[in-house]
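What follows is chain A paired twice: with chain B in the first complex and chain C in the second.
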Partner chain A sequence: MRLLLNGNEAAAHAARLARVEVLASYPITPAAPVMEKITQFIAEGSMKCNFVRVESDHSAMAAALGAAMAGARSFLITNSQGLAYMSEVLYHTSGLRQPVVMAVVNRALAAPHSRFPEHGDVVAQETCGWVQLFCENNQEVLDSLIQAFRLGEDEGVRLPVMVNYEGYIQSHTRETVDVPEQEAIDNFLPLVRRPVLDVNNPLAVNTVTGPELYMDYKYHQDAALQHAGEVLEEVSGAYARITGRDWGGAVSGYRLEDADIVLVAMGSLVSTARLAVDDLRAAGEKAGLLKIRLFRPFPAAAVRESLQAARAIIALDKNIVYGAGGALARELRAGLYGFPAAPVYSYILGLGGRDVGVEDLAGIYRQVSEQLGSGTAPAPYQWYGL
Partner chain B sequence: MELIKTLAEVPEDELFTGGHGGCRGCGAALAVRQAMKVLGPRTIINIPASCMATIGGSGLTTAWKVPFYHSLFECAPAVASGIRAALDIQGIKDVNVVSWAGDAGTADIGFQSLTGAAERQENIIHVCYDNETYMNTGGQAGSVTPYQAITPDTPAGKPTPRKDMLAIMAAHHPPYLATASVAYPLDLMQKFQKAMAIQGFRYIHILAPCFRGWGIREDQTVQLARMAVECGLWQLYEEVDGRRRVTVVPERRIPVREYLRLQGRFKNMDEAAIQDLQDEVDRRFREVQS
Partner chain C sequence: MAVKELPVVPSARPGTMAAGAAMERIRERRPVFEKQKCNLCRECLFYCPDAALAVDQGEVRVDLRFCKGCGICAVECPVRAITMVPEYAGNRGFIEK
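Now for the complex of A and B:
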């Protein structure tokens, strides 16, 4: 069924199709309409789900975690300040290997106060041990959220998953979205309960752990997160077989085959960059695009393979790690280091909702092309659009 | 419901067993042991940062025989809310969902999630085991630490009085609210029995002395808990749908001075301050017992 949905509505439909059993969320702009839509689904009877109307984002994450530990499929939404407020519970959720799924409607962190989109909120949680997926449009929001449950619940993964899409640009913009049939999703996503808090099998969870055990738990957690990258390929393939839509697992290339200069981006910038690449190609440039769909675990091997023929790489970061640069540029450089690779030109742009259009990306491309021609080494990072 | 009336009727099974990591004379462990006798095996308990969260399990060993989760400091009632939501959707009934926090995890850092869960009338039991100080980090003062108590961060005595958590929780209009004391195990167990028979948000506040924090000997835990009731500072009552009933009328009344003077933490309290406290206790005693 094709519907005209904004990103938040697409997320709510994904929760409905995934038969989410517990929703625990606290309102925050611009993610709140997801919970409103789900509570509407519950009220009209199209979803059987318990909504825990918590008093804060911290409690939202705690309740979602408690529900998952007691065996329910649980879901929540947040962004920016709410995500930062949840931070310690994010670490509990991944450390306890609970497959909670969360839609993160990316928004800038204060101060100064902003309610507009960028990736600073999720980048600030890059070490929290969750799988982190990014979506370029509302169809991908719906599809990725459904895939996120299967990925997180995979027996070899057992980890929470964040699905990121940007405030307003995606959350409040309507697009045509194909909404799969319930039966197809039920087949794709069977419910397997693995409660850790079960009166028939009592366990003590998160007891005091000394140096003789802590590191081993962390080893297994990291191994599971790395494994999630492989499982995502399977999950994306299985989803493509039932819907015909293949989002390509961890990364996907666009007009990469003979590309000299490759734009690398996450989230809504990917859609913009596709158009820029088309325009540049029409003007005779050998431009290409690499979309990073999976940020954690970072798919370094797939990135290396995709970029091996490039002469220059442009990292587009809608975030700033203060004193270090863009998170994506840093990952690209680290992943390419030690291998024959092109230089990475790093751009910080679009923070706090500052608009980035097709012409901006084409302009950046030409800037890099000139620098490459003149043999100028890339700056550690530069701010675009000040 | 058959209330437990004698110690002979108390189940022998220990769901919080010996071998835990608590100190000898730990009031917190006593409270859990007594309550678990009644709560029984169909109980899921989560305890946020506190002595009680840590003494029941270490490495691969545990003293808990029911599902136990050591949750984060701020959010035990929120975790319990999520557990209840998950059990309900699966049709799992007859399970007690308990958040069990110290005075910090209840009245201070945990208060936001507690007031949220209480207002939503979550079908959980929240227990505050109150030793009137932050013992897990060395005994610093919190909002329910008494006036003039000496702690590591109030070396001259706490300058402000104790927050009235019972009044605060009563203002949420829970269907069941009670005070309890580790010195009165039958009263404590009966209150858990009553709480379990009621649906909705239930609040039980247990005075559970810590000998280290109070400056007493380890064999004085129960004695001091009893004297707190006898002097009138800690009154034992319950409120069902807001209707109060005193459950223990102390057989003897003692002056608060006797209770205070046994504790190292009140050694700076002068006679005038003690008399002020006595006046307040007498007023409050009349109010509750009437």
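Now for the complex of A and C:
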């Protein structure tokens, strides 16, 4: 069924199709309409789900974690300040290996206070042990959220998954979205229950762990997160077989063959960059695009393979790690280090909702092309669009 | 590298944590009771933060699985019947058995 949906509505339809059993939520802009849509589905009877009203995002995360430990499929949504407030419990959820799925509707962090999109909120949680996926459009929001449950619940993964899409650019903009049939999703996503809180098998959960065991737990957790990258390829493939839509696992290239200069981006910038690449190609430039769909675990091997023939790489970061630069540029440089690779030109742009259009990306491409031609080494990072 | 096999969810079965000698590893001192001085007033039982003390067969006994060696009982004892004795040998930090 094809519907005209904004990103938030697409996320709510994904929760409905995934037969989410518990939604714990505290309202925050621009994520709150997902909660409104899900409660509408519950009121209409098209979704059987326990809506837990909480007094904060910290409690929302704790409630979702508790529900998951009781064996329920649980879901939540938040962004920016709410995600920062959840931070402590994010680590509990990944450390306790619970497959909670969360839609993060990316918004800039205060101060100064902002309502507008960028990736600073999720980048601040890069070490929290969750799988982190980014979506380029509303169809991918719906598809990735459904895939996220299967990925997180996989026996070899058992980790929480964040699915990111940007406030307003995606959350409040309508696009045509193909909504799969319930039966197809039921086959793709059978309910997996692994209750930890079980009255017939009582356990002390989240025990105080000394130096003799803590590091081993962390080793297993990191290995499971790395493994999630491989499982995503399999899950994306299985999803493509039932819907015909293949988002390409961890990364996907666009006009990469014979590309000299490659734009690398996450989230909504990817769809903008596709158009920029088309325009540049039409003007005779050998431009390409690498989409990073999976930020954690970072797919360094796939990135190396995709960028091996590039002469220059442009990292587009809608975030600033203060004092260090762009998170994506840092990952690219680290992932390519030691391999014969092109220089990475790092751009910080689009913070706090500052618009980045097709012509901006084409302009950046030309800047880099000139620098490459004159043999100018890339700056650690530079701000674009001030 | 030999990584320990662990439950996926960090957890422990009932009794598996308290049964070990955890407090023996961290306790620096233990209470010793002088039966001749003790008047069984039970003041030490009420103050013990870990409920590690009990009157058993006419005398106060300590359950060393739970005593963390804080010494509150010795301070509160009105007849000074409790002495805190070091668990460690010298300053090398190992437990004297």
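Simple rule for what comes next: the second predicted complex is superposed on the first by the 386 of 386 C-alpha atoms of A that agree within 3 Å, B and C clash if a C-alpha of one lies under 4 Å from a C-alpha of the other, contacts with A are read in each partner's own complex, and residues count from 1 in each chain.
Note that in this section a residue touches a chain if its C-beta (ideal position, glycine included) is under 8 Å from a C-beta of that chain, and two chains touch if they have at least 3 such contacts.
Computed from a predicted model, the values in this text were never measured in an experiment.
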Fit-or-clash call for chain B and chain C when the two complexes are aligned on chain A: clash
Which superposed partner A:Ser144 touches (first chain B, second chain C, both, neither): neither
Which of chain B and chain C A:Thr209 touches, first, second, both or neither: both
Touching partner for A:Asn6 - first (chain B), second (chain C), both, neither: neither
Broader residue contact with chain A after superposition on the shared chain, chain B or chain C: B
Touching partner for A:His220 - first (chain B), second (chain C), both, neither: second
Partner chain(s) touched by A:Gly66 [first = chain B, second = chain C, both, neither]: first
Touched partner set for A:Arg158, first chain B, second chain C, both or neither: second
Partner chain in contact with A:His92 - chain B first, chain C second, else both or neither: first
Common interface residues of chain A - those touching chain B in one complex and chain C in the other: 69, 196, 202-207, 209, 213
Interface residues, chain A side, partner chain B - complex: 21-22, 24, 48-50, 52-56, 58-60, 62-72, 74, 88-89, 92, 193, 195-199, 201-210, 212-213
Interface residues, chain C side, partner chain A - complex: 3-4, 6, 8-14, 17
Contacting residues of chain B [partner chain A, same complex]: 41-44, 46, 54, 56-62, 64-72, 74-75, 77-83, 85-90, 95, 112-113, 115-116, 119-120
Touching residues (chain side chain A, partner chain C) in the complex: 69, 95-98, 158, 196, 202-207, 209, 213, 216-217, 219-220
